[in-house]
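Paired with chain B in one complex and with chain C in the other, chain A is shared by the two complexes that follow.
And then the complex of A and B:
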């Protein structure tokens, strides 16, 4: 080292060396064993990914501009938190995670382009990203062609499975069936009114819901099913229809700005959610922020995570998240699922003993994460997660109160038989 | 679908449905008024109309937060102050935009389309940077969020009635200003013949600026009112812009009466069909009908002269 420090080095190199020197004390603080554990790069990276002896590069690919920034901001925050925490614990196979963030700008071709950039130019060892199904569908061929690894956080409609994707959110049957069973059993609900925004996720989800209601719940039936264009803001007509049909349960899968309009108008129309049962799978704490807790209090949501979950993992996670991103931020289901991405990747890499994509894909099934805020999760052979499904009730302060959770982990079933 | 219901049930539903249509009508008028003034009187196609509305919504949100913090006792009435502030903020921004951008483009109407569209993107990103990408929740006074129990079965949303009253009030004020006030006569003179109006001593630049400001200010009020029924986020303005243009173009670009008539037609068609069909289908049929009518009458329902 000392003879490299001779004067006359070109300045960028010298600066790098100085930065390296500055990091030396930090390295000496690491436990001795981590040096012994860190295997040589040539052994853990045989396909030319961006892995050095001290660093590994991953990508973060979400929309931070455009319409979807509203939803995706939380995911970006969670992923950065997870990466920071993993680095504080010594990184992955002795290597610190460095991330490159790209902006999908709520535009699907841009997502594909940026995905290609992250895989081809930056050689990212993994990418945490995408939110809407449309963006995932746009990047999927890119990940398959260039053999990348995507950790996808959103609950979604299912009907997909890829070697190159780990789905950390729930697929539709996990989220829907347990909730319907619960509302049928505890509320004796027999009639359901299905509502949704008009695109693939709500339509597929309602299709599954309808099949389940008509096929598996004794004497239950669907009394109405309606879809609204994305961004629809006037719900008075359908609210009148709901008043006319008086369903036991309003089953709502409305997204985006429409959500706010729907719940405000529902309240204004005199439908009292403490008396009328409403079950949704599309409103997380993030959305309640925009809707206003007082407008949705009393509604039930069925998903796998609520910020209010009472377990030590979650308490630590919520505290760390608020410390990093501010006291006022809220954490919804997808944000938590995004937080799982980097951790699951780290655990998988350590299980495989390699950063190679093929080895990670093969090692993923069976990977367990005991520290997940939602509680224990495990990756299934189909690259989705085993997870519990929970029902929460919205409170006026914008949080959910846990009402019910499944006793066991629910098996992910992206291609459900009899539901298509 | 009505077999199982009693006559009184049906009566109540039809009454409420009638109100739903009227509320939608008021919402459309309120959305479209500002655009109609700017489009009709100045020939400028303001693609950033939605963003001026959202500025009003953000002002309302800030006012609500401020009142909660400093004047909680006056909170029930904050909305009226918020609307005034929204008018001022959006109007001022409108005048600034007219001065910096629009006035250079009066002779190139298609370029105003592009310029204001760019402006809308800039404003969206500005909101995102200032207020954050997430939606904000505007807390409303309790009295505005309930419904009025007219009879046992009929409930009318109070915020809907509020929007209706507001729309009537603003329409009257705008009509008075444009058709009976001295300033309105000047505006109309400029529309009809700019050179001649200048020659008789009207400051045409000033008239343009105030007209644009007025249109944007009304958009601000609309945005403020819509915090009761919709969302407030950086891109929420985009939710309204299509319907707004639909109303204005269908009504005939230069006519306030046309705007109101067209808002009435579209809203009634929309809310009736929404009741009998589903939301998406109603929208498709409404759009089809409008396309068909515009093919027969390209100038819209009521056409007046437009500045060439």
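And then the complex of A and C:
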């Protein structure tokens, strides 16, 4: 769609990418001299990170066991794909990326322990990782104390900004405001029913949504707001309330396994999503896999990426992803954001001309990645990404069909004034 | 009934000295600060394990809710540390400066009343002991006075663990919710995040651990300890002999709770945060497993069990990030199937006889100086 605007900018990189992929089998045959232009290690690594003349070590820290494994596996796969592609292109500053993978085991202290291990023991030059806010909160003090660099992929509630983290997902306002404006304008929606799982992200997101609905949309109001414990599976009473209040929009931020019960019960209660507008910010293609496309078809999701995006970057990305991890894999919003991590890090290191964390942190603002599957992204001074907001409609085959996207990149604003 | 005149018999003395040597000398000298901090984290579970040896091994009261007390101790400490980290200067970005960040996100505008005492360090230290102690007393009194025991008690403690998690997660404005209480910095003005602080905290913890070992050993050797064993074997006989079974059970349960709480408080200091993931059913059961692997009849076994299982957990997950849980599961099954008395059982059955024979042959003296084996029925 809008990606056609900058074909001249994008195609060289894409060609490079494809060439890189084609060269994969031959890469082991390449003589060391092909990296001869690599600057000496002493110049690019002054703080004792795990960088040698031929290699640089990064960490991957996600849950591959436990309840979060189902969500985080996609991120691990995307990060490994990006690393492989970067290596095929010649690596970072002439050095191949080697990764050390650790398992956070869906357990926040384990994340903290493993983060410390990756930074202190392994001296990783960067870490791609974490998924839930809780795990990020657990590792944040570790990254700040030992001066590491974390690339965090998930859309999240905002209210955070750190020198030691690059947030490659959307903060709350980027995901919420444009979607509400869209539904208000195109559907004439005036009444909203807010739902969410009971923890920090849905609560903060709904707080922002409520402020926007009540303060910025003419004549719109919130007619209900309810929260459910994580893993909750009985939604009948709230569905009855929805039937009574007849809101124009159901705004749902239900996460994880609860989604399956929620959408099935919604359908069983006779709420037809092709007539009743439902907008969610928590269901990606990964979740639809569990919910079943037929149960959620017609619902709208507000994300920055859908697997179905029609642009050359994304087509190459989806093809490479499926080639590496199998035809059946689906790619959700967070998986794409995780893919950006290694690339943004590589581009930042090259801009800074150094692996030093302080220099990367300073060089990050302004780094742009034109090969992003979602289109074009750029790092903001606050270490979040400028990216577009998109609305898609779920189809029975489990994919989203792009309905709307913002004309311009949306500025990240983790501490939104007037929304707190 | 033989009551040992000495505080430790020879076997226990060897165990005590070996453990002291390991924790005070060998580990600090051989490990870097990162690994030492990990050992410190493992040892926090040993506190829970010692409590379980008393209450489960000796008293026969299986509690599947020790995580609750571990968590209460940990949260008390975390609340104090969080208040110290949330000074007005540190939190001026918030709409209400001076309160913990998660309260601000949840639209609280002032500190809840039950947080206020935690501005004071002495009160915090008291609370770490008293809050879990009193809570355990209430549960214990409610259950044991009604003669609820055995499996039913285990199920109820498990339910309490589940309730506690739901409460903490649900009241996120007051408790930090599922994220827990994070970003803790200083203890009474002393930065706990530095390597130096970790080193000192390790020794503080080991000293406390030995304090608990000695306290547990003391309880075990008194008449009280013998009554606990008697109760486990034949509760009715003890009752008919005129003892108040319920009171002894309550005592053992409270003691176990307080040990667990000390462990929890140390955990917060060592790891730097506290979250509901240590309170629920799964961590509570894990704590029982550490004790079972170490040997539920042995105080030292509990310490070794916590150390070894956690060490296995870390090293397996570092080497096999995708498969380590299976390895750990296999380890548990193998230990429980093959060695029902855990590591200390292996020691007593296979290693101890050799040592005894060696000593006996050298001194050519019959080994009748040994007291009744730990946990043998007291009849």
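Methods note: the second predicted complex is superposed on the first by the 384 of 420 C-alpha atoms of A that agree within 3 Å, B and C clash if a C-alpha of one lies under 4 Å from a C-alpha of the other, contacts with A are read in each partner's own complex, and residues count from 1 in each chain.
In this section, a residue touches a chain if its C-beta (ideal position, glycine included) is under 8 Å from a C-beta of that chain, and two chains touch if they have at least 3 such contacts.
Bear in mind that the values here come from a model prediction, so they are computed numbers and not experimental data.
Asks: Could you check whether chain B and chain C clash or fit when both are placed on chain A?
Replies: Aligned on chain A, chain C fits beside chain B.
Asks: Between chain B (first) and chain C (second), which, if any, makes contact with A:101: first, second, both or neither?
Replies: second
Asks: Let me test your reading of the model: by the given contact rule, A:292 touches which partner, first (chain B), second (chain C), both or neither?
Replies: first
Asks: In the overlay, work out which of chain B or chain C sits against more residues of chain A.
Replies: When the residues of chain A touched by each partner are counted, B comes out ahead.
Asks: Between chain B (first) and chain C (second), which does A:190 come into contact with in this model arrangement: first, second, both, or neither?
Replies: neither
Asks: For A:198, using the defined touch cut-off, is the partner it touches chain B, chain C, both, or neither? Pick first, second, both or neither.
Replies: After superposing on A, A:198 lies in contact with both chain B and chain C.
Asks: In the overlaid three-chain picture, which partner chain does A:229 touch, first (chain B) or second (chain C), both, or neither?
Replies: both
Asks: With the two complexes superposed on chain A, say which partner A:163 touches: chain B (first), chain C (second), both, or neither.
Replies: It touches nothing on chain B or chain C.
Asks: Just checking: does A:64 make contact with chain B only, chain C only, both, or neither of them? Give me first, second, both or neither.
Replies: In the superposition, A:64 touches chain B and chain C alike.
Asks: Does chain B (first) or chain C (second) touch A:395, or do both, or does neither?
Replies: neither
Asks: Just how close are chain B and chain C at their nearest CA atoms in the overlay, in Å?
Replies: Comparing every C-alpha of chain B with every C-alpha of chain C, the smallest gap is 5 Å.
Asks: Overlap the chain B and chain C contact sets on chain A and report the shared residues.
Replies: Residues 64-65, 198, 229, which sit in both footprints.
Asks: List the residues on chain A that touch chain B in their complex, please.
Replies: 64-67, 69-70, 72-74, 198, 225-229, 231-234, 236-241, 243-244, 256-261, 264-265, 267-270, 286-295
Asks: Flag every residue of chain B that touches chain A in the complex, lowest number first.
Replies: Against chain A, chain B makes touches at 5, 9, 13, 16-17, 19-20, 23-24, 27, 125, 128, 132-140, 145-147, 149, 155, 157-160, 226, 228-236, 238-240, 270-271, 274-275, 278-280, 282-283.
Asks: Write out the stretch or stretches of chain C touching chain A in their complex.
Replies: 34, 37-38, 41, 93, 95, 101-102, 105-107, 166, 169-170, 172, 177-180, 182-184, 193, 271-273, 275, 277-278, 314, 317-318, 321-322, 324-325
Asks: Within their complex, state which residues of chain A touch chain C.
Replies: Going through chain A, the ones touching chain C are 64-65, 101-103, 105, 107-110, 112-114, 116-117, 120-121, 133-134, 137-138, 140-141, 145, 157, 159, 198-200, 203-204, 207, 229-230, 415, 420.
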